[in-house]
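After this come two complexes, each holding chain A, first together with chain B and then together with chain C.
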Partner chain A sequence: MKTITFDVKKRNQIALEFDEIIPDTIYTWEAEDFDKYAVPVGNSRFPLTDFFDITVEGTADSPADVKMVFNGDCGRVKYIGNKMSAGEIIVNGDADLHAGAEMSGGKMTVMGNVEAHAGREMSGGELEIYGNTKEFTGASYIGEWRGMTGGKITVHGNVGKQCGECLTGGHIHVLGDCDILAGIHMTKGVIEIDGNVNRWPGGQMKNGNIIIHGKLGRLLEGFVEEDIVTDPQIDGEIYKGRYISFKGDIALNGKGHLYLDAEKNRDKLSAWKETDDEYISLGENRKYR
Partner chain B sequence: MEYILKNGIVYDPANEVNGEKKDVYFKDGKIVEDVSSAAKVIDVTDKIVMPAGVDTHAHIAGPKLVLGRLYRPEDSRRGVTQKTKVERGESGFSIPSCPTTGYRYSRMGYGTVCEAAMPPLEAKHTHEEIGIIPNIDVNPLTLFGNNWIVMELAKEGDIDGLAAFISAWLKITKGYGVKIVNPCGSEAWGWGMNVHGYNDSAPYFDVSSKEVVRALAKANEKLGLPHSIHIHPNDLGHPGNTPTTLETLDSLKDIVKSTKKSASVRDQTVHCCHMHFHSYSGTNWRNAGSGAPEVAKFMNHCKYATGDVGQVTFDETTTMTADAPMEYDLYRLSGLKWVNADIECETAAGIIPCIYSKKAPVSALQWGIGMELFLLIDNPWQINLTTDHPNAGPFTRYPRIISWLMSAPKRNQMIESHEIHKWAEKRTMVASIDREYDFYDIATITRAANAKIHGFHDRGNLSVGSNADIAVYDINPNDFDPSKNPDAVERAFSRAKYTIKDGQIMVKDGEIVSTKPSHVIWSNVKGMEEQEKDIIDKVMPFFKQYYSVKWENYKVHDHFLSNPIRVDVE
Partner chain C sequence: MSYEPPITDYDEIVENCTCAFCGCNCDDLDYLVKDGHVVAVRHACRLGASKIMEDLDQRLVVPMIRGDDGELEEVDWDTALDKAAEYIANSVRPVFYGWSETSTECMKEGLDLGQYIGAVLDNQATICHGPSLQAVQNAGYPIQTLGEVKNRADMIVYSGSNAMNSHPRHMARYSVFPRGYFRQRGRFDRTVVTMDPKFSDTAKMSDKWIGFEQNGDYGFYNAIRAVIKGKKLTQEVISGIPREDIYELVDEMKHAEFGVLFFGLGLTHTLSKQRNIDIAIKMVMDLNKESKWGLTPMRGHFNVNGFNIFMAFETGFAFGVDFCRGYARYMLGETNTIDLLVRKEPDVFLVIAADPGAHFPNGANQHLAHIPVIQIDIHWGPSTELADVVLPGSFIGVECAGTSYRMDGVPIYMKKAIDKPETCRDDEWIVREIKERVMKLREEPNVAPKYIPNPAAE
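Right after this comes the complex of A and B.
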């Protein structure tokens, strides 16, 4: 096992680009290799040691043996863990744009907040964020219609807009709240949100599943009520509780599913009857089923 | 500055030089007969020397490129490089940035590229973009096929008026020639329709594409422009469009080529672009097949027409054309994001990403049809190598197409190993054709014929007095079998050993070593001033009524042009 520790010396105004420093490229590097390396900053390069104190311990035969630890505020370090396929990265602080983007394996943990595009176009591996993230978490690149295809993203805080845009596989779990348009254009995969959701999840979705345990602000018109389900099994996993299931987005003839917590989202049912602890949906929309 | 390119093996089809070992001399940007003893010697012993490439048909500048770049940011992140001391940073694959376009053409040994569609209203912007593209000369063709005034004049049969209109509008837009895209079809798209076949009429104007094309061809020959009409016929990309293509070409057989000196370089009276898109048989995509043998048979018996192929290269690319209804049809097929634009009173345009996959039956069929056109049309002077950049593939794939053309085993291996879908084998006859191009043929279809078709006398050849536009490739043709080494051919043509433009060394060992601003080439018809004034006076009420710009802002003023080269037509 090789542990490489990056202690932040100073926070640079212009962002550093770290797409070349991933376990796949540096597992053979020694301390002197890091001393020689110049990191891209804006349109030029500067010695990496200007920004970090680097210590290397142990040896590694493959990228999987590498553990990279960042101590301090990496809020101006972009592309941490970009395209990594194995190994482990721990950031004890914040991270900038594109953290864990296009990663295909390994594990990355960020203890602080992350800027936009976290876990963009992931195809495998695990990304865990203990703080909040901004827009496009687990989304596709701007303009791209093929998004995250595999792996798992867990965000313990809140996420911004368009989380899981164009999702074509994988699992996104948000423990906090979520802003608008989660899972827009998604075709496959699962988005699970424990907190409240602002508005419009699943816009133009064709397939896949969105599960919302909290309260939803507003639903899109393209979702039709299907049924009330208890403990649904989605992609082999059982989600405890009672949910209102919607199908959508019918604007695109979509076959995706949106599950809303039945207790907190009573207002989303077109009609509602309560007998003892039994909820029965009497929605007008049921005729579309 | 004087130079000698020493001991190269020269292919210069325009002068019928086929692989002769000889020296090429150039001085102050021109090829000369001899130089003084002070000349700098560049040793190119046993390397291929050709004139720099000329691209007959590509879309490299203009508002649709900008729209494409805005619309496909995911394309821009492909092929990104950092800037160097000479180059700016590169970006983009199918729609590269303007500087990238110049660098990549230069690296392949190209010197001149035709921007094939410039709407008059957007001409200013096209020229601004050409100004940023380095290292290559660009001749933009102005769009006329769906212009309201052209349609009115064609309906009246007023060829003199049309000639004056073309002459005036080439001056206004600083264009080089007449481009026709889906005549009447793009206009019909403004009404939510398309024209089907050559004799269909545009709504409201009640004029058929046949009348428009014939009128423009006659007017073009009346003026004696250096290039013939450059036509993208109706029904592009629709199964069963071969009859439309043949009808279009056949209807122009009685057009008499101009006897003027300016038109003397070319032989043809019509150039049909990206022919493979116009050579499908069948009635729908399920039973679609190849119409290439028919088209090739026609071309082999026809002396007045030339074409370029628009070969599919199996890439993820972006289609962009002034044929907006076709783009909508493509959207219906693929469901990908798309955009349309209307250029008021002149044309329409559309953009959609397109993925040509080796495993997709339609892409494999398209590939086969393109190859058939290359291999079945006997005279290389009649057919040019293009990919209709970026519609069928980016221009950076030209070397790969060259390797396919030079190696029958490579083509057969692709088909037999099922690397590409079986439709290429079952619905085309590529696998049964043994023809292989040699370096002389390659020089013809990438340089000599292209320059001739565009009416250039000073490029595409190594004659004394021509521009010193020269490409050197690191292959010794005397002890090298391209049929057995297609990959080596591709490598060599991708990275020229030297690219020389106007006597300046641009590329050395596949790397850009210097840059220079581009030139824009445009046609200036002389002696029509009276008629031009008359036609502008006639058009002015219409212009004021329908255009949203003022006449004063419509014209491309001289300061928009980057180093113009004016071609005077008497």
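Right after this comes the complex of A and C.
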């Protein structure tokens, strides 16, 4: 096992791009290789050692034998773990954009917050974030209809908009709250949200499963109530509790499933009319001319 | 409104000029010229006319550099261009922003410079129709020309757009009022619907106003798609609109012979951003199974679409194109001007034909106050107060010729009507001069050089 430790010396305002420093490329590197390496910063390259104290311990025969440890604030280090296929990365602090994006194997753990695009289009491996993250977690890149296709993302904090956009496989587990349009355009895979959800999960989803243990702000019209289910089994895993099961998004003949905690989301049951009054009064004020 | 007597004291009329204000690019304007100045404009709306008629009080006419005392000082062109080139040549994260009110020919010079120095090239789409471009990249672009709208459309829908105020001649010249080949009775042959939370001026003259609640766009369009697919709505009220009204609207849309959806920033900049446009495009695709429909974004500046078309053609990305690694790349939230400025990344900012000082959020402008800003523009504005180098350009479509792209993607040649002030230069010339001076200062392109994958293996 080779352990490479990056102790932050200086936080640069212009982001460092770490797409070239992943276990797959550096498993043979020794300390002097890092001394020679210049990291992309904007339109230039600067010596990596300007920004980090680097120590290398042990040896590695393959990327899987590499453990990279970042100590300090990496809030301006982009692409950490981008396209990694094996090994382990631990960030003891924050990470910038694209953390764990397009990774296909290995494990990445971030103890702090992560900027947007975490785990985008990842196809394998495990990404665990102990803080919050922003938009497009496990999503697809613009122009692509297939987002995350495999692996697992666990976020202990909150996530931003469009988490699991175009999800085509894998598992996203959010322990905090989630912003709008989680699982938009998803076709496969599972999104599990322990906290509350702002509105419209599963917009234009074709298939896959979204489980919400918290309260949902607003449901899309494209979801049709199916049943109240207890301890549903989804992709071989049992989710304890009572859920209202919805099918959608029928606006594009989707066959996805949305499970809402039955107790916290009683207002979403067709038999529950209490909150409808609010919507009707809104509608009356907004009639056509 | 007070009565303004017609202008009769002029030397000549320059006919068939193109307006350099909004994305309508009205190309039927006549300029009344006296003593080398445009004194009146015929056929233009008040917005276009007020811009075209020169406002010499605010005109930038000489190059300036901000001195040590913080004041702008007049200098000669060589000094100003050398200073601008020096800033750019020594930059690590330069951003070249604007381009929407200059010619496509000038953009070509800017692209060459950006590629050479490894800059980010971005335009006003980043604060207006950027979400539309992202959605188009995902979902396609079922567009039609405004000529088709005029001649064929019998149902016009404005969504999140107040065309009466923002594009005053849009309805008169292209969409609602003109008599077309198949719409001989003009307005009487068309149904006009406005979807907007506000009862706007456009809504006031529409046949129908859909006043869905603010940020309710996505839910509303989702319901429309479900109804188009023949589904029954379960909720009685969706995004503030009774479901019976949605049934009625969808029925009208399905039975239109040729419908067009024009959408503005009210759709691109509400809660769901690019996903609003995405679902609107999908709705148009659904409607095309029943009838004939298209959509067009209501672009703001007269050549904002030109920059997006030009960049998409040249680089594959419409805006926010980053060349810092030696190749073109784009990522929302990463290579867009506002995101870069809020993250305090840029170290040099070149603004051409735009006014970030007036339009950017406070956090972005705060960073501009701390870095060198090079301004190429024709008017003094809030950005001039932030600028360290000011280079007076020329007015495309009035003082110099150039190509622009209308909101529907039709290229229009804008001709020259009058001479520019003697001390001003064409935008294209200024950018080319900066490029050549930067190339002298840096003999090789300044981009992060190619990476050697594994030095240990060599």
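In this section, the second predicted complex is superposed on the first by the 271 of 289 C-alpha atoms of A that agree within 3 Å, B and C clash if a C-alpha of one lies under 4 Å from a C-alpha of the other, contacts with A are read in each partner's own complex, and residues count from 1 in each chain.
Operating definition for what follows: a residue touches a chain if its C-beta (ideal position, glycine included) is under 8 Å from a C-beta of that chain, and two chains touch if they have at least 3 such contacts.
It should be emphasised that the depicted structure is a prediction, and the values quoted were computed from it without experimental measurement.
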Exercise. Considering only touches as defined above, state whether A:Trp145 meets chain B (first), chain C (second), both or neither.
Key: both
Quiz item: Can A:Trp29 be said to touch chain B (first), chain C (second), both, or neither?
Solution: second
Quiz item: Which of the two, chain B or chain C, is in touch with more residues of chain A?
Solution: C
Quiz item: Given the touch rule stated above, what does A:Asn43 touch, chain B (first), chain C (second), both, or neither?
Solution: both
Self-check item: Contacts of A:Asp227 with chain B and chain C, given as first, second, both or neither
Solution: neither
Exercise. Across the two complexes, find the residues of chain A that touch chain B and also touch chain C.
Key: 40, 43, 141-145
Quiz item: For chain A, which residues count as touching chain B in their complex?
Solution: 40, 43, 140-145
Quiz item: Contact residues on chain B for chain A in the complex?
Solution: 71-75, 77, 82-83, 336-337
Exercise. Give every residue of chain C touching chain A within the complex, in rising order.
Key: 91-94, 117-119, 134, 137-138, 199, 203-204, 208-213, 218-219, 222-223, 225-226, 229, 231, 233-238, 240-242, 245, 271-273, 275, 278-279, 282, 323-325, 330-334, 343-345, 347, 446-449, 451, 453-457
Practice problem: Give every residue of chain A touching chain C within the complex, in rising order. | Solution: 13-15, 17, 20, 25, 28-30, 33, 36-37, 40-45, 78, 97-98, 115-117, 134-136, 141-145, 161-162, 180-181, 184, 199-200, 203-204, 218, 220-222, 224-225, 249-253, 270, 276, 279-280, 282-283, 285-289
